[in-house]
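Quick one: the structure is below, questions incoming.
Labels run A, B, C, D and E following the written order; every chain starts at residue 1.
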C-alpha cells in the first residue's frame, strides 16, 4: 500500500485505533485479509467499499463480536485483540448497527441508560434492595442522560415511548443516543443514514459533526451515501474483497480509478440509462 | 397520462392495530408499462401503501378502512395475497426479505408458486441469470450469506420469475453501494423496457428514482402532497431542496454547511 | 371408591345411623395432587366437624399426619397401601383397609413357597414410590421363605415399549413373576411377549392391577394371571355373604375392587365409631383408633372371606385369585391367607 | 459378553426407536412449515389411539376400516387445530405458540378422560402374533411390524420433501410468512396441510403405540421422549428425526438393560444435554443465521 | 382521576409507586394482608399461603423467562431442590428456619447456575427442552439419593420461632407473606437498575447486548441464579408448609403450571407474576365450587371434576394467549387507564 497516501493525510494527532494486518474468514470465505488502517483521534474516518467487502465484519471484529484469525487491534496504545466485547465496550468502543438493534421491550430512556451498563457498579444485592449505591447511581445516570444526551439529540418528547413504535429515523437517533451513553472515545456508526432522505440525512450529518466537534469523540463510520461521506469525513478507507484498495482524503479517494471501478461507478446514472435505452 | 391504468389507488386509509392511522386518503395511479416513483420522508407511509396494495397488511395487524384499490380492473379487497401474486402483481418487499436458509436456486423455486393458476409453464431460470450473472455463480449458496447487493438482485430476480404485470419495489437501493445502485437501476430500466413490466417504485434516493421513472408522487403524513411528470417535479424548488439536495440556483449543498434551522416545506404550510 | 363409601354409609344411615347418629359424607376431588388434597382437607375440616376421613395418596397421608395428630379428632384411611403407613407409632391415627404392599408380596410369596418350594421369582416394578415400596423387605422375605429372587426389573414411569425388559426377564427364567406399581400397561404386553418367547413363568399382580375389568382388558395375556386380593369379587358367590348380596341388590352391574375397598373402609370406620360409643368414650382419634384395634375376628359380611382383625394399622389378609379366560372372571386359587397367624 | 443378548436388546431398541422417529417426523413436519414446537404431539397420538379404540370397540368397525378412519380423523383434528389455535397466533413469539400447544395437550388429555375415563384401556389385537426370529434373535412382532410401517412412512415423507417443490414452500413459509405470500405461496394452505399431514401421522403412530402399550389419558408422556428425539436430531430435519429416534431408542434399550429401567430417562436426557452442548441445534438442525 | 402528573425530580419519576393514589392502594393492600388472618377461616388462610408460595416462585420464573427470555421448564424441580435443602437441614442439622430458607435459596441458585450453563450456546426452545432434561436429572437424584430419602422422601418438623412451632397455616402465614412480599419488592427494584436492564436487553437481542458491554454468560447465569434463588426459597416455604417432601411433589406439570401462570398474568411484568399465580391457584378452587353447586343436578359431577380441571387449565392458557396475549397485567393496566383519563403515560 502506498506510503504516499498515508503521509498525505493532514492530521497530526496520534491514532486512537489501529488495525494491524487483520484477517478473518468464515469457513472458506475470506471476509478480511490483512487489513491495516488507523483512525486518528478527533477525526471522522469513513470506511467505504462495495457490498460484502467486509466493512460490517471489520466493525464486528473491532467490537469483538467476531474473532479475527490473525492480526491485532490496538486501541489507545493497547492490544485489545484478545478481549471480550464487554470489556472493549468499557474501554470506550461504542457502535450502532447496520440493522437497528434497539431493545424493543424497553422505553427509549431505558435503551439509552443501558448503554452505560459497563460503567455502573450496582450488583445484584444492591439492586434487590435499591438502596445506597443502586439508588445514587441511577439518579446520577438519569440526570446525565437527560441533560446531555436527550437534550442534545432533541428526543425529549419520545423518552418514555417504547422504541418499537418509533419511525425509522428516530430509532437511528436513539441508537446514537445509546452509543453516546456508553462514554465512547470512538464511535463506530454502521450506515447511519441508510434509508433516509436528503432532509433526514442532513440532520444526522449535523449530529455527527457536533459529536465530533463538541464532544470531542472520534468517529469511524461505514456509509454508502457518498454525498455525505465526502462532505463530512476527514479520512476515507476503501475496502474491496476484504482488502484496503485505497485511503486518503475524500477528494483523493473519489478520483482513484480503482475506487471508481470497484465502488463508485460512473456516477452518472441518468445518462447511462439513457445510453442503454438508446442502444 | 392516457395509457391504460394498471393500478388505481383511490382515497385509501389504513389503520394499524385499530388505533394508528397511517394513510389518510391516498390516491395514486400506475399506467401500464410505466415506472412510477413514490417518494416521501421516513414514516410517511410508503411501505404501508405497497403493503395495502399487495394485501399484506393483515400480517401486521393493519387494515384498509376506507377507499379502494383496483389492479387490472379487479377490486383487490376480494383477493388473497397469494392470489394477487398469481394474477401478476409482485411485491419486492422492504429489506429484501429473501429466504436466508434456502439456496439462491431454492429462492427462485419458491417464486415459481406465483405461476400456479395462470397456466404458465415453469421455465428454467435463464432469464433471471441473464440479467444477474452473479446469481448464477452463487446459485447453490445459501442466500443468507449473499452480500446486500446480491440479495437485492435475488429479490428482483424472484419477481422476474413470476412474469408479472406490475412490480412493487420498496427501496431497492437501500444499503447498496453507489455502483450497485447504478447497476440495479439500469437493470430495472431494462426490465421495464424489454419486458414491458410496470413498476411502482418507492425510493429515498430521489435522483436515482427520477432517472428511471416517468411520473412521481411525493407523500407526507399519509397523503400525496405533490405529483406530476418527472420533468416537472425536478424543477420544483422544494423537491430540489429537500429531495435532491440542491441549494438555490441548482448547486449542490455541502453537508458541512447545513444549518440547524430549516425552511419549512411549502406543501406543509 | 367414592361409590363404595357412599353406599355403605347409606346402608348405615337407612338403618338409623350409629346409635342414632347419622353420618354425613362430604367428598372432594383432588386429582391425586398433594396440595389439592391438603386444600381439600383444610376446607372440609374447617367447614365440618369431621371424625372419619378418607384421603387419597401416600403423599397426602404423610403430609397430613402431623395435622391429624394435632387435631386428634379423627381417624383416617386412604387409597394407598404403602408399607410406610403401616406403622402405628408413626401414623397412630391412620389405618389401611387391607394388607400393605409388603404384606401383599408376603401373601403371594407364601403361596409360591407352598406351591413350589425353592422357586425363583422376579419382581417387575415401576420406578415410583408406589412401585418401589415393597421391594427391599420382600427380597428379605424371599430368602426367609427359601425363594430365589432371580431378577428385579424397574420400568420408568409411563414407559410403553417393554421389549428390552422382557428380554432381560427371559434371561432370568423365573418360575414366578410379580408385577407391582402398575394398573394395566405394560403388564399385558410383557406377558404376551414373554409367552411368545416361550417363557413358562407364572405372572402375578397386586391390588391395583387385579380388578376384574382391568384383567379382562389384558386380552390373551390375562389367561392364568394371578394375584392377591384382600376382598371378594363382586360376583363371588361362594359361602354366605350378606353384604355382597346387598351390594348386588343396590348395584346390579359389576363393581370394582376399589368399590369394595371404599365399602370396607366405611364399614371398619363406622364399626370403630360404634365401638367407641359403646364404650361410652368420646369420639377422639385415639379412642377410635383404639376401638379399631379391638376389632378381632370381625365378620365383614363376606366382603373379606374370613373374619378379620386389625392388630396394627393394616388388615393383613388376602387370597390368591387366578383369571379364568372362559368365565372371564378371577377365580380363587388359594385359601384366604392371613399373615401373622 | 452375551452378544446375542446385546443384539436382541439393540433390535428391540431400534424397533422402539422407529416409532419415536415416526412421531418425530410428524413433529418436524409442523416445525418445518410453521416454526411451531408442538408439545401436544403426544396427546394427538393418544387421541389417535382412542379414536381407533372408539371405532373398533364402540362403533364395531373392523380394524382395517378403523385404521384409515383414524388417520383421517387425525388429519381433521390437524385442520381444526391449525385453523382455530395456530392461525390466530401468526406472528406471536415462539414461546407463546409453544405454550398454546401445551394448553392444547392439556385440553385433549382432559377430553379423552372425560369421554373414556381415566382407566387404561387395551386395543384389540390386530398385529400378527407369530414370533419373529432374526437368526436366533427374537424380535417382538408388534415392534417389528410397527418399525416396518414407520420406516415406510418416513421414507415417503423424505422423498416427498426432497423431490417436490413442497419442501421449498414449507421452508419458505417457515422462514418468513409475509415473503412467502409475496412469492404466491398459499401460506394458509401450507399451514393446514402440514398440520393435517402431521396429525394424521401422529394418529397413525398412536394406533401402533397403543397396540403395543395400551392406551390411557397419560399416554401423552410418549411425546416427551419424542421431544428428546427431535431436539437431538434437530427440530427441522426429517433425517434428524430418523437418526434421533433410532439413537434414543437404542440408548434407552441399552441403558434399560445394562443399568436398569430407572436409568432410561436419565440416560436419554443426559445425552440430550451433551448433544446440545456440542451442537446447539441438534445433530442435523440448521443453525440460525445470526448477523449484526 | 388525575390529569397528568408533574414530576419535580428524577427520583420521583423513577419511583416504583409514583402517585398518592398508588400509595394509598398499597397501604390498603398491606393492611388487608395484615387483617386477613383475623377474619378469614383456616381454609382461606391456607389458600392465601399457597398463593403466596406460588407468587414467589412465579416471580422468580418471570425474572428468567419473562424478563431475560430464557424459557425454563425446570422451575418445579428447582423448588424441589429448595424444599429438600430445607428438609435436610431441618431434620439433620436443626438450624433456624431463616437460615434454612436462605440456604435453600443459595443451594438452588448454585444448582440453577450449573443447569444454566448450556444457555450460552443453546437458545430458545432448545433451551426450554434442556431445562426439562435438567428437571428429569434432578428428579432422578431426588428419588435415588439416600440423603433425600429416595422415593419415600423426607418428613420434617415444623419451623419454630422462639420455641413456637409454626405448624399451622395461620402461623406460617406470618412467615410466608412477608417473605414473599420482600421477594416481589426485590424483583421490582431489580428492574430499575442496570441488572434488570441487562436482562431485558438479553431477552430482546442477546448478541447486540454483548457488544454494548453486557457480559452474556455472567448475566444469563445471574438471571438463572436469581430465578432459582426465588424458586429455592419458595420451595423451602413449600416444605415448611407441607412438611413432607417427596420426589413426586414437584412434577414437570408444576413447571408448566408456573410458566402458564406468568403467561396468563403477563410475561415480563412484576404484576403479571402476582396476578397469574394467584389466578391459576384459585381457578381450580372456583371450579370445585361450581361443581359443588352442580352436584344436586348432575350426580356424577365430582368424577367429572378431574378431566374438567385439566381442560380448563389448557383452555385458560390457550384462551389467554389468543385473546389477551399480554395477560392479566394488561387488563389491569387498561382498567387503570380507564380511570386515569390520561392515556399517554402510565
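The criterion applied here is as follows: a residue touches a chain if its C-beta (ideal position, glycine included) is under 8 Å from a C-beta of that chain, and two chains touch if they have at least 3 such contacts.
These are the chains along with the protein names UniProt gives them: A, B = Branched-chain amino acid transport system ATP-binding protein.
These numbers come from a predicted model, not from an experiment.
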In contact with chain B as well as chain D, sorted by label, we have A
Dist(centroid_CA(chain A), centroid_CA(chain E)) in Å evaluates to 42
Rounded to the nearest Å, the gap separating the Cα centres of chain C and chain E is 38
CA centroids of chain D and chain E: separation to the nearest Å works out as 32
Distance in whole angstrom between the CA centres of chain A and chain C is 75
Residues of chain B that touch two or more other chains sit at 145
Among chain C residues, those touching two or more other chains are 127
Among all residues of chain E, those touching at least two other chains are 143, 207-208, 211, 306, 309
Every touching pair of chains is listed here as A-B, A-D, A-E, B-D, C-D, C-E, D-E
Touching chain B in the complex, chain D uses residues 90-91, 165, 168-169, 171-172, 175-188, 286, 289
Counting only contacts in the complex, chain C reaches chain E at residues 2, 27-29, 31, 34-36, 38-39, 42-43, 45-47, 59, 62-63, 65-67, 70, 84, 127-129, 132-133
Counting only contacts in the complex, chain D reaches chain C at residues 2, 5, 8-9, 12-13, 15-16, 19, 119-122, 124-125, 129, 131, 138-143, 209, 212-214, 216, 218-219, 221-222, 252-253, 256-257, 260-262, 264-265
Counting only contacts in the complex, chain D reaches chain E at residues 37, 85, 88-89, 92, 94-100, 102-114, 118, 217, 224, 227-228, 231, 235, 262, 265-266, 269-270, 272-273, 276-277, 280-282, 288, 290, 292
Residue set of chain A touching chain D in the complex reads 56, 59-60, 65, 97-99, 101
